[in-house]
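Notes to accompany the following structure.
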Amino acid sequence: MESTARLEAFSDGVFAIAATLLILDVHRADGSVSHGLIHAWPSYTAYAISFLTIGIIWVNHHTVMAQLGRVDRTFMFLNLGLLMVVSFSPYPTRVLAETLRTGSKAAAFSYGATFVLMSIFYAAMWFYAIKGKRLLAHDADPKMVSGITRSFRPGSVMYTTAMLSSFISAYLAVALYGAIALVYVAESSLFGRD
Amino acid sequence: MESTARLEAFSDGVFAIAATLLILDVHRADGSVSHGLIHAWPSYTAYAISFLTIGIIWVNHHTVMAQLGRVDRTFMFLNLGLLMVVSFSPYPTRVLAETLRTGSKAAAFSYGATFVLMSIFYAAMWFYAIKGKRLLAHDADPKMVSGITRSFRPGSVMYTTAMLSSFISAYLAVALYGAIALVYVAESSLFGRD
Amino acid sequence: MESTARLEAFSDGVFAIAATLLILDVHRADGSVSHGLIHAWPSYTAYAISFLTIGIIWVNHHTVMAQLGRVDRTFMFLNLGLLMVVSFSPYPTRVLAETLRTGSKAAAFSYGATFVLMSIFYAAMWFYAIKGKRLLAHDADPKMVSGITRSFRPGSVMYTTAMLSSFISAYLAVALYGAIALVYVAESSLFGRD
Amino acid sequence: MESTARLEAFSDGVFAIAATLLILDVHRADGSVSHGLIHAWPSYTAYAISFLTIGIIWVNHHTVMAQLGRVDRTFMFLNLGLLMVVSFSPYPTRVLAETLRTGSKAAAFSYGATFVLMSIFYAAMWFYAIKGKRLLAHDADPKMVSGITRSFRPGSVMYTTAMLSSFISAYLAVALYGAIALVYVAESSLFGRD
């Protein structure tokens, strides 16, 4: 059993770097400078949605870890799986940005699939940690714990729906990805209270 | 309510990475090695101004957080908005560096707009935190708090003026961006005392 | 003599960044978007193996540091050597990804050599630290210490075997690199108990 | 007056990122995979020297900060200047790697000039901090403090000599940069004792 401090530090590092690396794939469109800056909107859209989504996962990771008193090696590897997907996310973001103008369904699907995979690892971590109160802190707040548990169902339903909507239209899917991010930001009381 | 430690760690990570990524967009100009090193001056200028500006925001973030005793989810998302703009800043920096030789007004404007947006998020964080002493630490220093509050007006006036001056000349705007950075470095007593 | 805190923070930073930078070298294959996403599998394979391997080394670094009470300058430089190889690893990973389709033995060998070198620095750190209990914490767990010591032999044998197998076939070597990573993840009780 | 914790965290981040970003500029040479891996030696040389040099500065930053009890805004901006040069260093490293085969004196000079500038900021930080014991910790070790002070002269003489030797030969200068790094690693008792 180990304390949670270094796991949080390493995770924060990966979250921060993955979020910040996204900008390397934002490029001006061709043409004059002002035209190129404006017509790069698909890159800005993909950047903003991915940054917000990684940020939300970071905020929620924060909320989850505050309830845990310790970690074990299994938890560390589940967390590593989550981080592997988080740090993978700049790639589908880049593909989405490059193809959004032509509305590629494959790009929109793979983008959503990345976030669905993230939520699977995230749920696995949580349910592993709370099973038999395995890793819960002695002073974990039962209301918060059940609030987090309840929040997984709507989260995975929303992401899966958005991912599948890419078979209808890439733009619909991207609009839904953005809407989910905004829902999480707006609904800051999703996990109970602050 | 959560303590400020992980928010500071994550923010420090984003500040550090955004500042350091700026170098990836510095390239030699064409020609011989010595010629190429010297004629890359627009890249060096844009790099130095952006690095210093991010560094100043980091120093001030530090000063602000020292007065706060806790954070809530709303504050975390405002901070996330600030970080989204900070980690976006290498992009307008790169565009400015690429176009400074031709004096593109669009590039100089978008560069300034990024820093104005940063100062808006920064002010929103601060005024949210101090409203009704919502997040202030019990031992916050009233002189420091009012000093920080007073400093927002000159900061936003300076950045907005510099941004708008890009309609007259890109070089004027860039000179003002650099001058603002130097003012902040020189005037290290801006927030009261050390 | 210094405490271990900053060494851990700096190491965590390098591990996190090296793992996250790997994604910059993942690119779509040519052709349609869906074809390009699917046929980039060599990049995904190399990314996943490298990310997992860096993650495992991070987990083990964590386990090792938990037994140490202090560090000295020699230990810091051995750790620096380890980090130099860790942050070098995105390069052989990229070369492997670019050449996996043609089964380049040179790429598979250099990839394995990087991980063998990592394990040499890692062993050097450990045996330096425990010689005469030089850097061990007063409350180090003797069972854990001998468990870590015993684990170095199978680790280096496995990596060396995998590296040498690249002379037979690049695919065999890559399969072994992946298998070793999975063994470490599965065998989470390798260092004794949690 | 502020504590040193966040300054160390931010600095560690910049050191770690700058060191790790160096690998992005290491590329295979043209030709077959094995030929390309071997003939990329100028990149490996530049990478290793820069990584070690940044690592040494990090170790010494560590040693210096251990003697300080607090920081002020002037110190933070001097530290920011140091970090600006540290995070600039991947650029001259890349230029050196690209031109080492042709022995460009301009590249070798600019590489050395970057490290001389680093040592100037580093000395400025230290002498500002100890002037009138301004920022020294109450329990600072006088022997260590005078050891650090004495070490600045040989350091700056060595780097300046190496930089100027680039006017004779780029290879001589690079050999000296490497030798200085090895001297620092070997002479780990440079600042007194551990």
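For reference, chains read A, B, C and D in written order, and residue numbers begin at 1 within each chain.
We take it that a residue touches a chain if its C-beta (ideal position, glycine included) is under 8 Å from a C-beta of that chain, and two chains touch if they have at least 3 such contacts.
Source: prediction; values computed, not measured.
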Over half shared or under half: which fits the residue numbers at the contact of copies chain B and chain D, same or different? different
A CA-based fit of chain A to chain B gives a rotation angle in degrees, as a multiple of 5, equal to 90
Relative to chain B, largest Cα-centroid distance belongs to chain C
Using CA atom averages as chain centres, what separation in Å is found between chain A and chain C? 26
Chain B-chain C separation of Cα centroids, rounded to whole Å: 36
What positions in chain D touch 2 or more of the other chains? 9, 13, 17, 21, 24
Where on chain B is chain D touching in the complex? 8-9, 12-13, 15-17, 19-24, 26, 28, 32-34, 37, 47-48, 51-52, 55, 58-59, 62, 66, 185, 188-189, 194
Contacts from chain B onto chain A in the complex sit at residues 1-2, 6, 9-10, 13-14, 17-18, 21, 24, 72-74, 76-77, 80, 83-84, 87-88, 90-91, 95, 99, 104, 106-107, 110
